[in-house]
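Got a structure for you, written out below as structure tokens; questions coming shortly.
Chain IDs A, B, C and D follow the sequence of writing; residue 1 opens each chain.
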Amino acid sequence: MKKTALKVTVIGAGSSYTPELIEGLLQRKNTLPINELWLVDIEEGWEKATIIAGLTERMIAKIGANIKVTLTQNRQAALAGADFVCSQFRAGGLESRIRDEQISLKYKMIGQETNGLGGFANACRTIPVALEICREMEALCPDAWLLNFTNPSGMVTEAILKHTKINAVGLCNVPAHMEKSAASLLRETQGEAFDEQKLLTRFAGLNHMVWMYSAQLNGEEKVPFIIKQLMAGNDTMSPRNIPAFQWPDYVLRNSGMIPCAYLRYYYMTQNMYELEMKEAQGEGCRGEVVKAVEAQLFELYRDPNLAEKPKQLELRGGQYYSEAACELMNAIYNDSRVVMHVNTRNYGAIQGLPDDCAVEVSSMITSAGPIPLSVPALPEQVLRLIQLMKSFETLTVKAAVEGNYDTALDALALNPIVTTGDVLEQALLETIQQNRAFMQQFAHLNQ
Amino acid sequence: MKKTALKVTVIGAGSSYTPELIEGLLQRKNTLPINELWLVDIEEGWEKATIIAGLTERMIAKIGANIKVTLTQNRQAALAGADFVCSQFRAGGLESRIRDEQISLKYKMIGQETNGLGGFANACRTIPVALEICREMEALCPDAWLLNFTNPSGMVTEAILKHTKINAVGLCNVPAHMEKSAASLLRETQGEAFDEQKLLTRFAGLNHMVWMYSAQLNGEEKVPFIIKQLMAGNDTMSPRNIPAFQWPDYVLRNSGMIPCAYLRYYYMTQNMYELEMKEAQGEGCRGEVVKAVEAQLFELYRDPNLAEKPKQLELRGGQYYSEAACELMNAIYNDSRVVMHVNTRNYGAIQGLPDDCAVEVSSMITSAGPIPLSVPALPEQVLRLIQLMKSFETLTVKAAVEGNYDTALDALALNPIVTTGDVLEQALLETIQQNRAFMQQFAHLNQ
Amino acid sequence: MKKTALKVTVIGAGSSYTPELIEGLLQRKNTLPINELWLVDIEEGWEKATIIAGLTERMIAKIGANIKVTLTQNRQAALAGADFVCSQFRAGGLESRIRDEQISLKYKMIGQETNGLGGFANACRTIPVALEICREMEALCPDAWLLNFTNPSGMVTEAILKHTKINAVGLCNVPAHMEKSAASLLRETQGEAFDEQKLLTRFAGLNHMVWMYSAQLNGEEKVPFIIKQLMAGNDTMSPRNIPAFQWPDYVLRNSGMIPCAYLRYYYMTQNMYELEMKEAQGEGCRGEVVKAVEAQLFELYRDPNLAEKPKQLELRGGQYYSEAACELMNAIYNDSRVVMHVNTRNYGAIQGLPDDCAVEVSSMITSAGPIPLSVPALPEQVLRLIQLMKSFETLTVKAAVEGNYDTALDALALNPIVTTGDVLEQALLETIQQNRAFMQQFAHLNQ
Amino acid sequence: MKKTALKVTVIGAGSSYTPELIEGLLQRKNTLPINELWLVDIEEGWEKATIIAGLTERMIAKIGANIKVTLTQNRQAALAGADFVCSQFRAGGLESRIRDEQISLKYKMIGQETNGLGGFANACRTIPVALEICREMEALCPDAWLLNFTNPSGMVTEAILKHTKINAVGLCNVPAHMEKSAASLLRETQGEAFDEQKLLTRFAGLNHMVWMYSAQLNGEEKVPFIIKQLMAGNDTMSPRNIPAFQWPDYVLRNSGMIPCAYLRYYYMTQNMYELEMKEAQGEGCRGEVVKAVEAQLFELYRDPNLAEKPKQLELRGGQYYSEAACELMNAIYNDSRVVMHVNTRNYGAIQGLPDDCAVEVSSMITSAGPIPLSVPALPEQVLRLIQLMKSFETLTVKAAVEGNYDTALDALALNPIVTTGDVLEQALLETIQQNRAFMQQFAHLNQ
């Protein structure tokens, strides 16, 4: 029997992205009958969470929706009986992200939130907390759907799928953004007649390592056209928080697919490293920039006259997060069978990867969750990179769960943007040491 | 640009099923703007085709649709500029089917239209004609969609996908029928609240060797419930033209999936053989029964007062053929993205089968054709049977195209309902000899 | 450190084949320093075992070897400290084999010791005993090598490899016989110059479902030549106990490989069934014939003047058993790295089968056991049959270990020489009922 | 019929390694009846070749062998009727190798003869010449065996196996060296009793990316013992030309296998890069050091009193090349069925790699060439690296054959020791430009 009133719980409610989410939920109030919204955060994020809760109350009041908001540090109360749980926390906060980036750069590697050594560190901090939340869900809301935005989303989703019984879907705004970019490009050339509903894009890969391999419009394949536009420099398809750039021709030409912007870390490694070094010596590393942007956003959110999502939020890079999350809740609740691009169990969708790993693939969303669309065989050079990175991810999840130092090194040594040698062990040990508050699984190494 | 007027061509229009198809097209006249309907048949079927054409005209007139009907033996004129081509011919006619059944029974094997030696013979008669039609389509309507009902549908579709450039989808009413049966079972237990639109069934396998592996309703998996009903004898899910029966428990219990009725030839081989022998000694083999039913149907169709599909047609077993075909045209034309169960290129949907073979799988239908939904790994005993039969099919297609006697024997020897030994070569040679008018590829063996 | 005195234990010493084994061991006395030979049998086989023990003593005495023979029913004493254990027992004796054959024929299926329903029944009787022996070996001689001749050798070996820690190798004289036949054929055409040591044959498949895919002589591939000879009727390569026959041409021509004689049950099913029916109505089923031959052999063995293997034993079909077993012991003991054709863990040797299943493949024999030679990809029709039968075997092993009725039916339904339908369950239930003394795992079904 | 006199042809006879080869051939004169030795080189190498020819004559004379030596630039005359062809040329000479190393270092990548950008460049120079030689062999000595030492041996062998009909085996002294090192380690601990003939090592991987996964001695697995020794710093198993070093523990501990020394480029990338930079700024890059060593060697070879291989040659790193090559010829000629570690067609030996690619695996050597031993499933982190590098190799071979710039970039971008970004295209274009005399396939890019 379909429920007529829904309880939604947001873990990590103090995120600056939360107003996007609230906006999306309110836009769908006719199809998604939420009557309880629980905002959860921890002591360290309490000030921000309080600001967000205030803004949320004002946004709800403005449109006159009937949703009860509860702000709490009591996660178990918030989870009890929930229908949807949105997970969007950052274990260790922005300070940890900044630290990850700085350690990586110190050892002459790319420093990044979800890639390389930084992605590894983030996974090791985050996965234990994510699994703890899922254990609570198994007891308090076993049938709820967990929508995971928490980064690194692919690895966190794989950890949950492999180690808990929770229905989890990993989300990311990257494919959604690429889809919107493709639509813009097509609209320009098709003019009035263009109907975005008729565009069907399909993606395959891993989180932050995904390719658009199809964009059908009225039965025609438009990827070759989009590739031509990209090669001509007419668009970049990268999110707002990533500076415009152009792909080396061969990356587009040979695969016939469009890589997501994060693939620049792999196809333009040296350029990205130099850019990061320059930034770190100038305005600060990415984490520091984000911190400053966040501070400004919270100044805005604090304004008692503000009762809607401020435009400035879009600069933060999270655009379409809300669209992805709210649309997913809506699709599950209403069994709408739309195609979305999510992180879910592979089930053979991408040939050459294990059945039980998490992949990012276009899936039909039903009331029982995503059903991946089959993916035609990928070009060898793309498949090999995906296989390599999936092994990195799977070994990282294993290391994060078991606290095994050798497995951590096996994972990192496979990652093409991580340097091997003495420097790797030094960088790993420093990471573990500096994160000792958040990486209990490696506590034996700090003694 | 979406067309506003469609030309539909029916090859083998003299089929007794055609009124089903016409009814389905007329029911969809608001979403499927057909303005030309070409009915094609050959000299041997001309009398029947003429009767069908008359009934078609009356059905169209009755509802006042604006569709021009053309009956012709000029296949090329009918194909020129077509948007959809429905292929539903029977190479060699019912006489050949009867002959197949009789030869098989003579050599103590199961005689059947699409299975065993009969299925092989049917493929060898049909594939050369199907490829000839596709060659004409490549020249005359290269972008048209071919909807293939022509049996053996799986092998014919594979031959077309491997040897031509035509957009082809193979169809069968078996999954549609099983879906309807599942809906009936669920309606009885769910009562008023049951909404058939909310039922999402999924199938995987080969044509006439397919399993329903999922039946979601409001996020719940109903296959275990249906299996319980089947084990309790509450339903059979078999089409009207197949007598009710009950599965051995182990077939349902161990796989957790529901086999289609044709799988009785494999799981109840001895029973089916004895039944066929009894029928052949009584009312005649299945082909003879069909022939008699058809004669009665054409008596009805001939009636100048009849302007709708007569109820009696449903007894013929073709129920839901029309639904499948018309719904598929509609879904392609309108990019409706519904899930249908079709024969299409595997593309990894079923793990353990080649990418390029034809499989029967639930697929999302778009304006660019079906996109298969990923299928979770099948139970070993099911996968092995499917792999075996796919090899039978692929080798049969190869033998049918190349006229290679050894390959024919390789194919047949793999088929579990075909007996091997001297008897196999005798049966095969008799089949080739008796079909010499329709199997030119084996002409060298008749010298 | 290499041992200088070896203890060899024979389980099922009362077998009529034992004199072959003894002869082989004595022939190798210079390279295989056996000083203890333990002959084990159970009460039911005691009379035969006593006769064998007497003959063994006389054979040893004749050549003046220094081997102490102990005949015992105390299996544990015999296993303690053993270096090699030869397992060649028949659970339930010849009476059970005769019963298997008769039940199968009663239900119109092929009745056979290692194939079809008979093979299944044999596995279910034998595997529990084989595992019990291995449990004792784990305690009493954990480093010993188990040479398994006990039929069905492939399934028994798989059960041991999957469920115990014992070093086990499955043996069969079929490939050895085929190799000898190939050598004879080549000797005839090559004359004096032919050196059997230079012939390198290679086999792949499963026990009693094996193909010779290569026969190299001086760098040349001779399989095409042998196939020509077989097609011309110049040889049959079948063991003495199997009547001469000729393969259908396509079986040889298309695969380019030479099937073992047991494959006649699959490629000439109808002929074999008719032959068996005729025999059963005449001289008796195969088990009965074997029983009569055995009785005659034991009359000979009893003769106190006999001190060597009598020629008549070769008619029994076991020729080269001794060669295989003794040569294997020799190769393991001396690390001789010769190529032998054995049942061992697949480890990827045959692509398309699981790593951990037992296969029959040509392997280099070392002091750490067999290392399979890689097998080139097999022709599709051959691989599919092997995959199917391996699933039959693996499911049979599972059913035999777990006593699961559904799994038993899943296994049998896959087997192409087993008929499905009501008749299958009747035949299985009768098998279980008649074997209730030997199939405790299915005891719950007899209540 | 086995030949009684053999013609051996050496392509690139001016190599400083040739005296090793000659020594090995002479040591085997009783089993390998060579009566013609053809030494081939090109104008650029003529002086060296002449010196080698002189030394060869003296070595032959000293032991009184009856071998006719012919030095020639006429490759076709040398190939006509040859039984064995040893290919050991360096396309572009040491100057090209030095250039490769310098370009790589200029663009901050590792510069190496067979790895990274240097390996790619070497392949692009060498493969066209190797294929040309094979075309001549197809005409002039189609049944001869090609023993390929020419680097990069794995890629050259793959190119030959895929694009010609020649029987080719790729050779490298790395596994042979590791086997000798293992023997030394075991001899120390086993003392007198150690018999090197009883040691059976097994390797799997690619050329210069190979692991020892087994070292059996008297039925015991010694790899864990060797790993302990390596972790304790007791040996390095690296060839003389590679400085001693110690593996990070995790590399040995987690895989349970022993990597070859070249894997330091992958597991200790940063250390190797720094070492190379230091060397380049000091004594010169590796190519320059080799050049100096070679000059000294040729001074020795020139000495008319020298009639044997001088000890100094071993410092050059080529130790055991001769053993590998001569032993392989011997094993093929005599069908000796010894195990050697060679580059050959995979045929499923390493699961997860294509059947038709070249791999470096332990194989039984017969008169029809190597038969790979099956390799148990490799640890995930090892398999992924091998798969990645095999794709690099396969795409490099394709780029080298087709002269496709995009494919070249696809290959290089996959290689973990190649940096991506603008710098990659700059480095590749400079490589192509500087090698324009040797890379005609890329001529279109230099216009």
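By our rule, contacts are C-beta pairs under 8 Å (C-beta built on N, C-alpha and C of every residue); 3 or more make two chains touch, one makes a residue touch a chain.
Note that the structure is predicted; figures quoted are calculated from it, not measured.
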{"item": "Farthest-lying chain, centroid of Cα atoms versus that of subunit C", "value": "A"}
{"item": "Centre distance in Å when subunit A and subunit D are each reduced to the mean of their C-alpha atoms", "value": "46"}
{"item": "Where subunit B and subunit D are represented by their mean Cα positions, the distance between them in whole Å", "value": "58"}
{"item": "Residue list for subunit D, restricted to those that touch at least two other chains", "value": "none"}
{"item": "Chain contact graph, described as a line, ring, star, complete graph or other shape", "value": "ring"}
{"item": "Interchain contacts (touch definition) - all pairs", "value": "A-B, A-D, B-C, C-D"}
{"item": "Contact footprint of subunit D on subunit A as seen in their complex", "value": "108, 248-251, 253-254, 266-272, 380-381, 384-385, 387-388, 391, 394-395, 405-407, 409-411, 413-414, 416, 419-425"}
{"item": "Contacting residues of subunit A [partner subunit B, same complex]", "value": "1-2, 193, 198, 200, 202, 216, 218-221, 332, 335, 337-339, 346-351, 355, 364, 366-369, 371-377"}
